[in-house]
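The structure under discussion is supplied below as structure tokens; questions concerning it will follow.
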Amino acid sequence: ASKSGTTDSTATASKETVKIGVLHSLSGTMAISEVSLKDAVQMAVDEINAKGGVLGKQIEPVIVDPASDWDLFAEKAKELLIDKKVSAVFGCWTSVSRKSVLPVFEQNNGLLFYPVQYEGEECSNSVIYTGATPNQQLIPAAEYLMSEKGGGYKKFYLLGTDYVFPRTANKILKAYLLSKGIPKENIVEEYTPFHHQDYQTIISKIKRFAADGKACILSTINGDSNVPFYKEFANQGLSAATCPIMAFSVAEDELRSMDTEFLVGHLAAWNYFQSNDLPENKKFVEDFKAFCAKKGLPGGDKRVTDDPICWAYTGVYLWAKAAEKAGSFEVSKVRNALYSLEFDSPDGLVKMDPRNHHLAKPVVIGEIKPDGQFDIIWKSAGLVDPQPWSPLTSPDKDCDWVNHNGTYAKK
Amino acid sequence: MRHFLRPGWILLFLLCSLRGRSQDSASIYVNQILQPSADSVRTNAIHRLVALRDPSTFPLLMAINDKKLYLLDNKAVTTDSKPSGDGNYRLYTVYPTYQLLQNSSGQPLLLPPGKLTAVDIPRADRLALVGIAPLLNLFSNDVQKRMLAYSQVGNLQDQSTLQLVAAAVNRETDENVQRIGREALYAARLYAAKDETNAKVYIDSIALNWSDNAATLLTSYSKEKAFSPAAGSYALAKASRLEKKYDNLQRIQNLFSGLSLGSILILIALGLSIVYGLAGIINMAHGEFMMIGAYTTYCMQLVFGHQAGDWFYVAALPLSFISAGIMGLILERLVIRHLYSKPLESLLATWGISLILVQTARLIFGDLTAVKTPQLLAGGWQVAPHLTLPYNRIFIIVLTLVMVLLTYLMLFKTKLGLQIRAVTQNRQMSACLGVETRQVAALTFFIGSGLAGLAGCAITLIGNVVPDMGQTYIVDSFLVVVTGGVGKLAGTIVSGLGIGFFTKISEAFFQAVYGKVFILLFIMLFMQYKPKGLFPDKGRIAEE
Amino acid sequence: MLLTVNNLSVSFGGVHALHLDHFSLGEKELRVIIGPNGAGKSTFLDIICGKTKADSGEVIFKGKPVLGKSEVQIAELGIGRKFQKPSVFPELTVYDNLLLAVKTKKDIFSTLFFKVSPAIAERIHDVAARLQLNTVIYKQAGALSHGQKQWLEIAIVMLQDPTLMLIDEPAAGMSDEETEKTGALLLELANTHSIIVIEHDMKFVEQIANHLVTVLVRGKRLMEGTFEEVKNDQRVIDCYLGRTNAQLETL
Amino acid sequence: MIHAFSAPVLVVDNLVAAYDQSIILRGTSLAMQKGAVTTVMGRNGVGKTTLLKTIMGLLPVQEGTVTFGNEDITFMPSHKKAKSGIAYVPQGREIIPKLTVYENLQLGLTAHKDKNAKVPEEEIYHLFPILKDFRKRAGGNLSGGQQQQLAIARALVSNPTLLLLDEPTEGIQPSIAQEIGCILQQLVKEKAISVLLVEQKIDFANQVSDHYYFMDRGKMVMDGAAEELKHTALEKHISV
Amino acid sequence: MKTNNKPLYYILFVAIFAILLPAAYLSGLLSINTISIWGRYFCFAIAALGIDLIWGYTGILSMCQAFFFCLGSYGIAMHLVLQKTSLPDFMAWNKITELPFFWQPFHNAGVTFALCLIIPALFAFFIGYVLFRSRIRGVYMAIITQALTLAMWLLFLRNETNLGGTNGLTDFKTLLGFDLSSAQVKLSLYLVSFAVLCLAYIACHRITRSKFGKVLQAIRDSESRVSFTAYKTANFKLAVFVLAALLAAVGGMLYLPQTGIITPGRMDVKASVEMVMWVALGGRGNLKGAVIGALLVNFLYSLCTSWFPDSWLFILGFLFVLTVLYFDKGLIGLVATVRQRIPGLHFKTSQTTNRYVADSK
């Protein structure tokens, strides 16, 4: 069924609109994170439509709820691509959901814009990764912590929820730390189950580990486990001063309605923070708040933006821009137009990689403030190029769709 | 110990004289920083001040480092790191003295940061403070920072640094920080010591002082810095003794964790036990009642706002019980009452209800939210250097104890309890004996749901508040109820504690995941021997 | 002897419910056990059929020890039980209740491929008719009246065709005439089976006690003898029958 | 037959009741004199238990009325009936199994008019000595006969004016059954309690009854005062 | 004697799914995706039949059916992965160079099919043996099996288990040499699933109508009475438990190629409860109910998550509640009630008319 002209036929079938799919969980455990991304996509769509659409067509988003159910992700992806014949899909958060839909997109020649930081080691022709690769988030963070300015930490506790991203992230981090001369015994790796709520034992282990003030934590703890973790951390007498936590999965949106008292001073590494000073960003933040208030979404104008929201939003624009550039919605053409495409995102100018489907962008490290925002304490000098295959763990591989057929072995 | 105090006094004297000499130049630089004629002047002044290492300028430098330097009526001031209520901060002068600012009535002056003019020091200049930052922090008014500073001051062989540290230790008011500070001093002396008796004295002091880091410090001393093997092995012996003590404390900590986890489980299971064990309803929505309680607490926090301090939590405790209870009551009236004696249908209906409740919560709140820990329950009780028992957990344990006691009294010492137990075992006959079964059943459900709500309120102290938080606990709490024996209060308590302890003990050996798997399999095997829970009914009543 | 019991004792939470020094039952003997409420009669039967575990003692049935065996093993040995409180399969029809009881192979495969032979069907209907269940044979057993359930349970035991039938208070909840019918039925069954019956209805006991009556009191065997002997024993009158037993006088 | 001419205390008029679709009571009528023992007899499965259940409110009435005293209690919920002075000893004992014997008795107090009433332990234990020894035992662990005794005791605790007894002597040893008979007579005499008795054993019925009803297929087919009916007539009816 | 009472319904059912749907696809009215989705529902329905046997008929609430389902799926998935590469990707990332021993047998299709049945059966046998020996029943059984599923879920989530961790196994290309993405293969899988469902239904129907089935129901009513009637109840329970596990595994095996992914998420707490809910909704103790429940719930789930992405949970939630309140024998009970109300349709069915209400419990 997947010959060539699926998208073309839609283009002729409906004169005024072009359909895109929105595949974010609106219920289930991931809803808390993903709903905001759906809103961001919706906002980008509204903006573009207000400006006249793409190639003269209004964008019509088809929103479905894959309900944090990985099988349903695949089912919905098929539905969007085959039944609804959408031109592109914006969605997914967890790695497993992406892995679940990946074959569907590849078999049906679809295009998925994936807005969340991820573990890398993937190079699909059907996915546009607008989130960070490990080298755009993990490595700079570790580097910063080891630096004089960052505190010169010598011991690292790699703590994560037990799933792919933390596992891979920690593998890369560990390789990096070892390569920087951190002795093995100064790196501890530990995982907790999903939704783990009881961090007493782990914190007391950390306390011992961090007794000499030289230790920090690299946290890939996910979702609802964070609050109990940070709370217990504070209650057992640890603090950002004695042992900072560098988080890779805590962003403004999660901190929005939390009491952040026990989080203040801890760190997070991303590519974007709401506190970014750029005028584009200020407008974006305001627009987003206004959008949420206007649509009566929960939170209203108290809503905040964060890294994944920024990239979900940017993704839509990238697609629109590429379609304009290609003059067509056809997946292969859009894909080709995306290479090296530049876009003025809320995070400043970002640029698609010329050879693969990742985005080059700045890396920032922030310190959590009492209001749930981040104080940007470090920023990369310019854009950091994506490395889907980390040179630390897969030195022989690279991803290139222009000169090679995706992943290839480096000489 | 006294032995060291004496040099301390001398040092302080020295320091004071130092200050006298540098006083003039310091104040010049200070002025240059606050009112620079050019950026380069300021940069220079900062560098000079850093080089001076005059403690009287430390509050100023620290304020710069923390980006908390403000001008108030042309006076340089700084603020506390945390607001003292309602977003207002206390103010301190930074130079030449470090003093709390007071208003006319002698109360601390409280102002929001917005009322102050921030002195903007460029990042490059701030970086000049990096080297001296730990020293500055020795005089910080943030305990945490002081604590950290001692481990970061670095080489204490440098005399001027040593003097500063010693002075700081003497000034120190916080016992824990002082402990760390003393350790830094002892360590410096130990490293400098060149004869065995002297070294042993310092080693002993370090061991006696027993800060968090003592064992590591001694070990590394024996490995790297010891000047003689004898001193090294002596240090090592001390270290290993400390490690043992430490291990023992860790064990106590683990037991406490077990107790705490156990009491949480009991608190959640208590309501379930009443609703399931007594009313025969497999309440899949139990976790959602918990969620209601948690959100009630959250709402209380919003309603009370920041001024009210801990009162929101005081109000939330009864309210979470009542709100969840009322919700339970409504559901009982609307749905559950049709389902007594139909446990299967109750399963289906309560599952449906739980879906609805979760989605409703998601629509209303929609976020990951968390309740702030009441001030009274923040932090922990430091029992020994390595043993901190968080207040929030202690509170939950006490709350559980009280609730268990109340539940016991209610069930076994009151008429209502008698009727509840009767109704759940035989509705029709109870009715024939004059028991108003509807009311009793509704009340049972009210109490059961209410207890869940209370548990939710308690859980906010340690976890977050999310729409599907209930599902995290539902299996665990069913496990507790079932291993204890359905409808057995004592069973619920024993199994809750048992599972709590066991989880924590196994977590000490395995990773958290395997700990959990282990506990689940263990329970399965345990049920082999006690197929009807810990406290099975005996005799004829045990049959079907 | 078909059944021999020695020094059987059981206690619940420290209270001695049963302490039987000796009891024996011959082939095709119908034995009636009487005794005050709580004397341990039902407990005795419970032990024989494996429902309750004894503390000590021995029970020999067909030369084999019974204690320690499971309910199924005991049932397979040929012991069938009617309980004091009627116990049937409430959601099955009367017919299915009876079908399950019929003595055939009872392992998984035989049940899976079981076909109702005409002989079996006839037997079921036969028994149902004799116990006045034929009018309710396709009714769910749970919807029967108390007395009907009693009948059904007796029918189940009959169809099981065990060597030893343990019948606990069969006449409870039956009218006098039905009681009499039951008595006649039991007497007939006694021609081919060994039966232990527990009853409080003296008329009924008199009707069926063709051989010996055992009197249990407080878990111990008070006496054993013919109905006449028992009826006139002062101890039995004192603790069981009552000073002036109206029931007996009217006989 | 002391209160022979007083007004009827309980009147059941043309009662129709069913379990779901299957109708059991098909127009049952009955009138009880105050301070007398009225006995309902009939073969197995004719609907005697159903009648008592319906009177007690455990089964919805489809047609007809039940009047107690001067009040129409047809649709009154069970617990109100209990509170208005009707006590019920059901067939099958229905002891609350996991409550102790004493708690079961305590529960009987719920329907007592006096809120502060205590369990009249002495009287009860005098009647049923075994209950005293087993005070603290779970009711469900008692022997069948003991449970029956407990059920009767529990009904008496509430100090009722009307007693519904469904085969109360089932499983009870002869001496106590006989005593129960005496007690019933005594209660009727001394406290003017009215008793509706369902019984199959003619001997017991004869000992206590003032009036008989015969039931067949959900209807009363015959009734009469005890003296009027000959023993043989009774037997004939029951064995139809 | 009571079978074959409503051939019309059966014919209708078969006609719709075996003829109408494929025809609609071939004539272009339906997309192959829709066909595939229904194929997946059939797999759920097969598993639901097993749940009905063990729970509806025998009264044992087993919450580990989702686990057996996953065992079947994982088995096939492993085979499919090995069809594609000699070493799965995720192993390569985890620096595992050699295929673990337990992956080896899955190279061969025949062995895989056998193992997909044998492993769940063995698991069920072992679990059942342990549990039934110690006479665990009722909620105890439910919670223990749930705990077991939870434990297995946690294990499968681990990377160390070498089954793909959270991500599970995905991205399959061919099955027995057929291209899984081709429409014909999808259609065939649909038809196979349907055929297996029909076969499973007939087999279960036979079983429940046999004396064996009666014993099962008797066990549900009063297990001790069955023992006293000389049936070895533990064996019977064990047999249905294994049978139910097999049905779940078969469902899982067919499910995999049609879904294209298997993750531990299929057996988390929610999934295992949901499987029971299908049966409860359809009507427990009634095979038709189980099938209809599974089909309907999943159909609604798919439909509502697309049509009402914001409010579908309300719809499903209310459906559960209303079913319970108004059709107390599940949906199939509703059908029976309607048929009784409409005199013209009034067939004599002996098992639904009189209802016994357990009033002593």
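Just so it is clear, A, B, C, D and E label the chains in written order, and each chain counts residues from 1 on its own.
The rule is simple: contacts are C-beta pairs under 8 Å (C-beta built on N, C-alpha and C of every residue); 3 or more make two chains touch, one makes a residue touch a chain.
To keep track of the chains, here are their UniProt names: C = Urea transport system ATP-binding protein; D = Urea ABC transporter ATP-binding protein; E = Amino acid/amide ABC transporter membrane protein 2, HAAT family.
Here the structure is a predicted model, which means the values were calculated and not measured.
Note on connectivity: the fewest steps through touching chains from chain A to chain C is 2. With centres taken as mean C-alpha coordinates, the chain found closest to the middle of all protein C-alpha atoms is E. Comparing chain pairs A-E and B-C, the larger number of C-beta contacts belongs to A-E.
Mean C-alpha positions place chain B and chain C at a centre distance of 66 Å.
Averaged Cα coordinates give chain B a centre that lies 45 Å from the centre of chain E.
Chain B and chain D have Cα centroids lying 64 Å from one another. Inter-chain spacing, taken between the CA centroids of chain C and chain D, is 28 Å.
Multi-chain contact residues, meaning those touching two or more other chains, occur in chain A at positions 27, 162, 193. Counting partner chains per residue, chain E has residues 154, 157-158, 222, 224, 310, 313, 354-355, 357-358, 360 touching two or more of them. Counting only residues that touch two or more partner chains, chain B has 358-359, 363, 426, 428, 513, 516, 538-539.
Within the complex, the chain E residues that touch chain B are 130-131, 133-137, 139-140, 143-144, 146-148, 150-151, 154-155, 157-158, 222-224, 269-270, 273, 276-277, 280-281, 284, 310-311, 313-314, 316-321, 323-325, 328, 357-361.
Taken in their complex, chain B has these residues touching chain C: 538-539.
On the chain C side of its complex with chain B, the touching residues are 12-13.
Contact residues on chain E toward chain C in their complex (touch as defined above): 207, 210-212, 214-215, 217-218, 220-222, 224-233, 235-236, 239, 350, 354-356, 358. Those residues of chain D that touch chain B in the complex are listed here as 56-58, 77-79, 81-83, 88, 90, 94, 96-99, 103, 106-108, 110-112, 138, 140-141, 154, 158.
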